[in-house]
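Shared between the two complexes below is subunit A, which pairs with subunit B and subunit C, respectively.
And now, the complex of A and B:
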């Protein structure tokens, strides 16, 4: 028999997964809009953000109601606390995707700037990090979640590379400054999405093992 | 849809006014929890709904109590009909010293059901509804007295629902039970809500939060606040409710 609490958790989980799909779609569409300078697609991403904001409020309400009325304990409690935090990360990811879409609209009509640093590949890495974090949650695989934390360092590195490359390009050709600054902003945005994906992975580890990996990492660095 | 309505209801035990001007409404197919410290009038109010207070000498009722819009304290209202419509489960489980089958069949027979096949079907469906069937189907003709406390309480609920009431009153139905049995009773309340309107008195605020849609806070005979349960336990309207549910008084 499914208990009332299990029913509530399933309901929240379904909404979190819906929100995840929507956030991933927003990232993919915003990058497509940027690369093809498709202002209609960019507008779709910006409009879609409202739906994600509403989902965030619903999930927050559901989590609070479940905490108050069902008083979950142990793994159930950790899962709901994780959902509350993951919910905020997903909402921020969608906000960032909307900002990328706005950049796509702003750059429309300007000559394209080609970089060796690959923005779509960086975005694909971020999307993969988010998908992997949720797969780790579903399969309760801590090592899978932990790998995401190291992937985040690769995303950080890609951002730095792109920044250096675009900065140098601006020095050589000041005319491309608007586009180059736009791409720097996009790369930085993707780096922030990577950080949020890492946060999600940390919450997945907390859910599975009851360990706050941020605290462990901090203790480790304090001892160095 | 309004199932129960209380209008300025007062209950006196002799000179003592135990329930003061209670006006509230209970929607059909919802669970209302009554909370409050001992002596606040919540059980007295509950017992007004099936006129259980009538049997206490010196009790006087003022005001109105309506079920489906009908005033149950009117002289012409048949109390037997009322108690068929409004079942009750008590704190201490009280199975009859009979077999499991007879515990349920008894109420059916005194309500005029003679057909053996129909009785068997109703016994089975009641035990299934209370998740007891799988535990007892092979010993239906053994005494119910050997049951655990949790099983006895679920049997009493099965006995109550066998005669298909519309309202179930529960007076601290799980306060004498272990946590697992309590959880089973609470899950049962969630299930029963689909078919019945339930009012539960509980001392356990967490239980009120878990099982009910609405919560009413009683204090010294007054209804202090009635609100959605989620609201009562997150942001009650009144400071007094807040103090009670956060354990600062009472």
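And now, the complex of A and C:
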């Protein structure tokens, strides 16, 4: 027999995962739009963002209602609290993806700038971080979630590398300034998506272990 | 079944048997005691009775001997009675027919005694001639036996205490109780033995059954007896054998199914109506790009990261309807997805999802459609332009100066058309024909020839052509036409996509593992990362304007690729913003 609470949680879970899929789709589509300078695809991403915003409100409502009416305890409580936070992260990720799509529209028609810094690879890493975080959640695997936090550093590094490279190129060839600045902005956006993915991983750890990893880290640094 | 249940079971059986036995034994003991009591009493009474009769005869004889009558004077009786009692050792009383005691050996004043008319023995004697009775005397605290004999004028009564009787009765009762207890104890022990011998095989059977139930199919019940339980055990063993056989064949079927599903290249999964993944094959893991966790038993939307696919699965589960579509999944490949509901007796059990990889098929399709549309576009453009110029010329025939300019432009486009058609013919020839004769070719000479033809173009664009060729006296086996196409196109591109003042460096070197590598490096504009894989496609150009301006058709590298394939050579590209580097690897 499935209890009412279990049913509610499954319902919320389904919506959170739908939101995850939508966010991942937004990242992939916005990067595709940027790489192929496809303004139709970019417009689709921007439109999709409103749907994600609606879903966020729904999930928030569902979580709060379940908290109040079902009064879950222990692990269920932590799961719902985590969902509340993850929900916000996913919404932010989708927002950022929409901004990347806007950048793609803005760059339309301009000659492309090539770099060794790899924006599609950065995006793929971000998507993989999000995907792995949810895999860690379903299998309650703390070490898997913890890995994501270290992967975030890779994304940060890729961002810095790309920034340096584009900056040098702008010095050599000031004409490419608009495109280069656009790419810098996109890389920065991806880095922020990585940060949100890291947040999600931290929420997952909180759900599994019942400890807030950020608080712990702060305690450590306080001790130093 | 656990241990406590087993012990309870054994106790309940022995308890029931023991209670039944105890009741039976107690009942029999009481019954025997009762019978013995009667017998002992009777025996004692008989002995006492015989003694009393003898003593009565003695009193008779005594009275006849002494007084010649059985009925002497009462005073005499009073005097004699003590002596009679002394001789017989009994209490002797003479009682008148009306019940008054005439004389009593124990009492000196018989007149003071109760009337004895209604004593049991007296009444009996009066009726039957003699009578006896036994009573407990509270004064003497012992059983008293009374015997009375009727005479003409009186009733003679004798009394005797019988303490032995009670004692022997008590002893018998004791013996019986001990005996009963011993029998009870013995029978309990025997019962326990019997119960153990019954429960042991039963427990063995239970153990076997529970082990079998929990999955240990190898155990059997050993050394069974010929009893009913033995028969049960034998048939249980038989049943187990048959079950194992059935299970084995089922497992075999299951394995066959698993192997089949695993060996299918399509991603396959079955999702039950609780939305959980119940069957999944390796290919499916690849489709959803899951490498680190096991997905069976999880909710489908927890592991499938594709919005459309999840939505369609959800719909198929809700409406029991099939669904068919194409979708790019998270692993970057495109799948032909079919979702089919699985129903049993008209109720939905779940859905079967089959994912067929159509990435290559789509790619080829796209190349085909692109090719057709590209080719028609490429061929149409110069004709349209030529027509435009000719129309203008027709309107301005008298303005020769303007016209000659237009004519030049028209000729340029006609040349372009020709080169496109030439390239298409060349490419088609390379692609379809296979009679390119094998001949000795000298790479250095070929390159030299290309450089000579292209030297003027390079000079015009202020591009320096440098050669550094390793001497190759022998030459290699190949086809001159194909090899020339390769080097010409590569050097042509290195010049076309260069910057003024740039360089093209052509180097050749033989490496130890018998391969000749020709490098054509330029310091040009480079090729964007995402285009590198596409430059060998027909009509693909990174920058159409630039290609046209340099007289390109977009077919050069396609020709290079096909020619190299025919020769068994390899072409590699590396490029960044500082230039490109093409390598031709020739296996000697």
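One rule holds for everything that comes next: the second predicted complex is superposed on the first by the 224 of 224 C-alpha atoms of A that agree within 3 Å, B and C clash if a C-alpha of one lies under 4 Å from a C-alpha of the other, contacts with A are read in each partner's own complex, and residues count from 1 in each chain.
By definition in this document, a contact is a pair of C-beta atoms (placed from the backbone, for glycine too) under 8 Å apart; a residue touches a chain by one contact, two chains touch by 3 or more.
Small disclaimer: the values here were computed from a predicted structure and weren't measured.
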item: Clash-or-fit label for the pair subunit B, subunit C on subunit A; value: fit
item: Subunit B versus subunit C as contact partner of A:4, first or second or both or neither; value: first
item: Partner contacting more residues of subunit A (subunit B vs subunit C); value: C
item: Which superposed partner A:14 touches (first subunit B, second subunit C, both, neither); value: second
item: Centroid geometry (CA): angle subunit B/subunit A/subunit C, rounded to a multiple of 10 degrees; value: 60
item: Contacts of A:65 with subunit B and subunit C, given as first, second, both or neither; value: first
item: Touched partner set for A:154, first subunit B, second subunit C, both or neither; value: neither
item: Subunit C versus subunit B - closest C-alpha approach in the superposed model, Å; value: 18
item: List of subunit A residues in touch with subunit C within their complex; value: 10, 13-14, 17-18, 20-22, 24-25, 35, 111-112, 114-116, 118, 120, 127, 131-132, 134-135, 138-139, 141, 144, 169
item: Complex contact set, residues of subunit C against subunit A; value: 275, 289-290, 292-293, 298-299, 301-303, 305-307, 310-311, 314, 330, 526-530, 543, 576-577
item: Parts of subunit A lying in touch with subunit B, wherever the complex brings them together; value: 1, 3-4, 64-65, 68-71
item: Residue numbers on subunit B that touch subunit A, as the complex places them; value: 131, 183, 186-187, 190, 206, 209-210, 229-230, 233-234
